Amino acid sequence: MEVLGGPLFGVAGAGESHGPAIVTMVFGCPPGLWVERTQIQHYLDRRRPGSNKLGTPRREDDQVALLSGLYSEDHDQLLSGPALHLHLGEGETPVRTYAAGFTTGEPIAATVLSAAKRSSDYKQFAGPQGHARPGHTDLVKHYKSRGFVDVRGGGRSSYRSTISDVIGGTIARLYLAEHFGTAIFSSISQVGPLETGLSLAARVAELVESNGQRLSPATCAALESELERGALRTVDADFARQAAELIAKTRKARDSVGAALEVVAVNVPPLVGEPLYQSLKLRLMGSLGGLHAVQACEIGAGHFVAARRGSQNNDPIRKDGYQRNSHGGLLGGVTTGMPLVCRLSFKPTATIARPQNSVRKDLEEIEFQLAKGRHDPCVGVRAGATLESRLAIELMNAVLMHQAHSMDVSNFKLF
Amino acid sequence: MEVLGGPLFGVAGAGESHGPAIVTMVFGCPPGLWVERTQIQHYLDRRRPGSNKLGTPRREDDQVALLSGLYSEDHDQLLSGPALHLHLGEGETPVRTYAAGFTTGEPIAATVLSAAKRSSDYKQFAGPQGHARPGHTDLVKHYKSRGFVDVRGGGRSSYRSTISDVIGGTIARLYLAEHFGTAIFSSISQVGPLETGLSLAARVAELVESNGQRLSPATCAALESELERGALRTVDADFARQAAELIAKTRKARDSVGAALEVVAVNVPPLVGEPLYQSLKLRLMGSLGGLHAVQACEIGAGHFVAARRGSQNNDPIRKDGYQRNSHGGLLGGVTTGMPLVCRLSFKPTATIARPQNSVRKDLEEIEFQLAKGRHDPCVGVRAGATLESRLAIELMNAVLMHQAHSMDVSNFKLF
Amino acid sequence: MEVLGGPLFGVAGAGESHGPAIVTMVFGCPPGLWVERTQIQHYLDRRRPGSNKLGTPRREDDQVALLSGLYSEDHDQLLSGPALHLHLGEGETPVRTYAAGFTTGEPIAATVLSAAKRSSDYKQFAGPQGHARPGHTDLVKHYKSRGFVDVRGGGRSSYRSTISDVIGGTIARLYLAEHFGTAIFSSISQVGPLETGLSLAARVAELVESNGQRLSPATCAALESELERGALRTVDADFARQAAELIAKTRKARDSVGAALEVVAVNVPPLVGEPLYQSLKLRLMGSLGGLHAVQACEIGAGHFVAARRGSQNNDPIRKDGYQRNSHGGLLGGVTTGMPLVCRLSFKPTATIARPQNSVRKDLEEIEFQLAKGRHDPCVGVRAGATLESRLAIELMNAVLMHQAHSMDVSNFKLF
Amino acid sequence: MEVLGGPLFGVAGAGESHGPAIVTMVFGCPPGLWVERTQIQHYLDRRRPGSNKLGTPRREDDQVALLSGLYSEDHDQLLSGPALHLHLGEGETPVRTYAAGFTTGEPIAATVLSAAKRSSDYKQFAGPQGHARPGHTDLVKHYKSRGFVDVRGGGRSSYRSTISDVIGGTIARLYLAEHFGTAIFSSISQVGPLETGLSLAARVAELVESNGQRLSPATCAALESELERGALRTVDADFARQAAELIAKTRKARDSVGAALEVVAVNVPPLVGEPLYQSLKLRLMGSLGGLHAVQACEIGAGHFVAARRGSQNNDPIRKDGYQRNSHGGLLGGVTTGMPLVCRLSFKPTATIARPQNSVRKDLEEIEFQLAKGRHDPCVGVRAGATLESRLAIELMNAVLMHQAHSMDVSNFKLF
């Protein structure tokens, strides 16, 4: 099933890039969490292609409508979300969607309608004579589905599907923030051959060193502002400038470029994650490493550990906690309370405007030349909101799994 | 998670009775099945409270909008479903929803907006001073959710949630019909103390005897018409009349009444169902028996088998098949190809207008008296469409599970 | 997957009737529960065919060996379970299995080796010329598996597979007893046409009326003794005698007979069960109703509710609790704290020694005559331990699910 | 639940390092696959610590006993596996386990008894005064389980748990080999700072270039021999020598060292993997990246893609297939038929004999000094068999998922 996370907290998604809507269900949020539509919209705005000047020129409004799972005695506030109308013949069914309320424990459904669609761009890809883009899923999905595939805008395999991740991830971050003060950040660390010398993990380690393992809301907010300063979301302003230039240049060259991102969570509840086959490490590797275009997922010191000796890599422990974080916040797949640290490498956007050797779907050879449509020259740079969301979803599920084992009979009382 | 069926074919639902919408996702339909919106609407219309004159007087349009998972090269037809508009400030985002297309294997999302809502009716139930209806889930859900519960119209526990079952069930029946000619029927067999002497199972057994084990589409259509004749959906026209009278009388007495239904599938593919812990018998008992207000689920000869001897109960086998159907189409939890036969007993609608001993949610004792709102006097009589749907969902999942084991390497070919 | 319960507490089983062993894994028991091997053996002994004089004459020792998931600093006690030796060539690997320890949260694995096997009895069923027993899964499993099926003793579909249910169920009952004082009983209420007038549900209702909703351990123990008195496990001693006679007579007549059982849990934690698609009602209907040979599952007043009016069926509520238990302890699929009440109807044992019309697996018609082997004339009467176990498994999973939502940050503390 | 893979093909494991046994269940193998115990033992022997002279000196026999899920009319051959005896009081229950048979579709259970245990070594870790090893899961598991943890030999978190992976993985590779000729290899590519210049992926690419995309059994066998030549399993004999020296030196220095491995599958069925949230990429990233001690998982060109331009990274397509394999056999999470290519980085073994800053479990600070016990200086070098197994498990599950969508009504025939 199309579900991320779970079995306790999970997110289901549906919807194709150029279909009517992306639909999302968020399962398993405990009752009593205050959720506002604008909080979700905030992260959706960060996810949106047009949200920075380097992304795809396609403009999408991506306004979320919340359709279930919230409640509040204040019906006026509850129901002050955008109105949704269904036009059928003469009839019209107007409903007010939710603006703010408490979670009830029931599934939270949300829809984001799809506005700007130029599906004519995608005739090039339709049918057995349609072209297959190198680096893309066009060819395998055509055969896998025996031809029954939505070719408009990449169909379900489009990055647009990550709207569901962000909606679910926002619920999770609100919950984690309320109970543990958890905050989740991401920073671009590489664009093509350009690499920053300043890592987010190192920046957070500094903050932890000077502020203690628990960062205050103010410290978290300051770090967030720092990340939002530049054209690209990164801790390194100089790198941001150079990387933005490289992306612009790459776009002009009708090419694309890869990237790498760090994702870091602070104020992480310790002791969560089931050992072995459902460990939080396994789940994060899958969930983050499984995102579109990711080719590598690293935790803590990542691939650098292969070159190390144990005496270098083991993080010493003192009574106030771990003294280093090579382990990236996870030992044996269980959180230690140190920041969770992940690094993801993204391949360059597959869709480029340069000629390439390819085939039609019936395997006739062609020189592929993109007819129309413009795309992100660097998909990686806007993946941050999604990666943070996926981390939040898995962390929240692990929190609930751990809580399930901590029996308190006072939770089972009626009369 | 709020998922029915699965792991291969499953249906997720969200949405409260008086919330903005019921949202549905259908997972795992193989690519290439032709689906029309009106086919789904047909079964939704059958499910709807106002669909017979005996149900609740609340009128709900329940028009479905299909938002994902279908595709067709004929974009005009594909996109000729009702338009959906989101009104936010000045902006408006109009999209066309799907009218007809082929499944793509991706999740099919659907939404049914909620039109007629008189939530003022439900002030009686709000907050710690709210009243708890005897026979209802009010009290347990209040404590389970620590008070964070949508009390309008029964919230998520309303029968309205079964819209999702019917949407998913329709996809499943279309698939089963296309591949196996499977047809699924239900018939009311009891309303209060009134019981019919004509069972649907017996009616189907007659048809099988005279037509062979495989019923033609015409025979199925004729049986369907027979069931749709009366005020109540049943094979017994006399019983229908008397039962309708009893329901009308019960309504006047401000009381409610129980009912029993049979559900029968014909042209059932044999050999499906995983033995033991995920057997189709286990799944049907759970899925059908777990429906709101059901207190008993019986398969084949049901509770009558307890009184029998083996020599009576074992169904003889000849080279053309089983000669009787005490087993109700399942042996060892696996289909035999004989009709699947289930019988469900529904309790009387819990919400009645007569005074009853009860408590407020804070446990202060009251004489409960329904303030406003009207309800079905007999929930059972409109459960047929939902029961048929749940059977279809489980049967389809079992079909895909069986198919997974039948390796054919030609399905794994690209170049 | 062959898993009962879950996702938090679940039981996996493997092993065929005449294979080397029944193997069981119990997942998700929280750490810290004291478990003794003899406690599990106690319920396995109750499950065993030879455990009453009416069952199958096959003697099986069914001694359980615990292989993982327990620990105690007292290694001597921990390791004082039966020794297990593997003989391979010259080598021998002796290990001590577990006798008693605390659960660690890791999976608990257990094995029950199969001693008495007379597989020669089953030549009659082997291969395409093998006979298919009416009422049995022989024929469908032969075709489903394309002939690759273990025909010895019913293979995996044998009642012997329920050893896993009982092992998992014992862990669950120990946990529920420790935290809530929950006790689970079963009583035979019908054998063939003989029905008792004394129901276990009514007996428990009396005890609740005179002792308050919470029954003491002594009261529970007394009820348990009452049930264990006779030749059959039932609250009605007269009925036990008559039923035992009927079973003996049926055996002589080389026939078999059906039965019905009640299963009742007391001191049930309220508020557990997820509403709707994973409700505890749905799960119990599936798990209990899905057991071998069960054709009907009823909860609370069961199929009798169909004949009732709402004013009769709704259970009044006072400040000290529900005043009746038509609802059988579940409203909206959530526990109310009242006793959980289920009733199951079992078909007569399919394997009988009388001639019956049947086919070979290649569909050649035969008069089927059992060559060898003897079987329970009434499978239902020894299903009690398994039904109680399945109820315990589902209840425990529901308890953990509820607990997961009750966040207590003190459970997330390391430094 | 402790399950790897699934929902169609999955492996459950139980058992602690020094407990009586590692127990395994393999779910979902279709009926009809011929399996021999020695085939499973072959891969278990490769997994075993003592299987190369560089690993831990602990000798474990790790003889597998197969307890269910196989069948063959030749009972003598079927039952010629090692005998298993249970010694309880006077009694003894000897059973013959399985040596060879066809799968039946039922779960395959296996047990590996634990022979050599020196649990006295682990007193250092017991109780609240027990020491926590830096880099180890000791501390988090102690708090997570509230002290109820098996500290002997790492308990369940030991590498010994991977016996289950290998048993399940062997069933999967047999199935994939039979239907598709799939073969799976692994090669060590880095030990500490030593890196090979010869990659397995490149070696396989050469073979594909000269032999066509489908490698013959002979070619696969030759590659396998090539890998087995040296002290370490790797395509580079010179590197093997140097790496072996480095490991020996590191052991003498009482330290440990990291490593990296490649895992490559050839003759991979195309079109398998569910897009998005359950894509094969997501599943492999999780399953391989989630293995003990892994800190990085890379697919195809891995982290190198971040530095590339799209025009470099997109693999051209011609009518006979993909012309390069930067994508590592997966596009959009679906197999292309090209070799699956993964690379894993392992941290150095956490347990080392040098003094380190640490704490007791009650957080009192200590200088940790390993009292007894010896460990692998380089866990990575023996992870190959496990990684190959995990890849096989996920690939097989994906194959069955794809097959489920390819309806063939002839698979649903009884009479």
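The first chain written gets the first letter, and so on, giving A, B, C and D; residue counts start at 1 in each chain.
Just so we're on the same page, a residue touches a chain if its C-beta (ideal position, glycine included) is under 8 Å from a C-beta of that chain, and two chains touch if they have at least 3 such contacts.
Here the structure is a predicted model, which is why all the values come from computation and not from measurement.
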C-D against B-D, pair bridged by the larger set of C-beta contacts: C-D
Chain of greatest Cα-centre distance to subunit D: B
Between subunit C and subunit B, distance of the C-alpha-averaged centres to the nearest whole Å: 29
Chain centre separation in whole Å, for subunit D relative to subunit C (CA means): 36
Separation of mean Cα positions, subunit D and subunit B [Å, integer]: 44
Per-residue overlap in subunit C, given as positions that touch at least 2 other chains: 1-3, 6-7, 13, 31, 105-106, 139-140, 143-144, 156, 270-271, 275, 319, 336, 363, 402, 413-415
Interface residues, subunit C side, partner subunit A - complex: 6-8, 30-31, 105-106, 179-180, 213, 269-272, 275, 319-321, 336-337, 399-409, 411-415
Touching residues on subunit B, where the partner in the complex is subunit C: 1-4, 13, 132, 134-137, 139-141, 143-144, 156-157, 161, 190-193, 250, 255-260, 270-271, 275-279, 281-283, 285-290, 292, 294-319, 323, 326-328, 331-336, 345-352, 354, 356-359, 363-365, 380, 402
Of subunit C, residues touching subunit D in the complex: 1-3, 6-7, 10, 12-16, 19-23, 25, 27-28, 31-32, 61, 63, 65-69, 71, 73, 75, 82-88, 91, 93, 95-98, 102-109, 111, 113-115, 119, 126-127, 139-140, 143-146, 148-150, 155-156, 363, 413-415
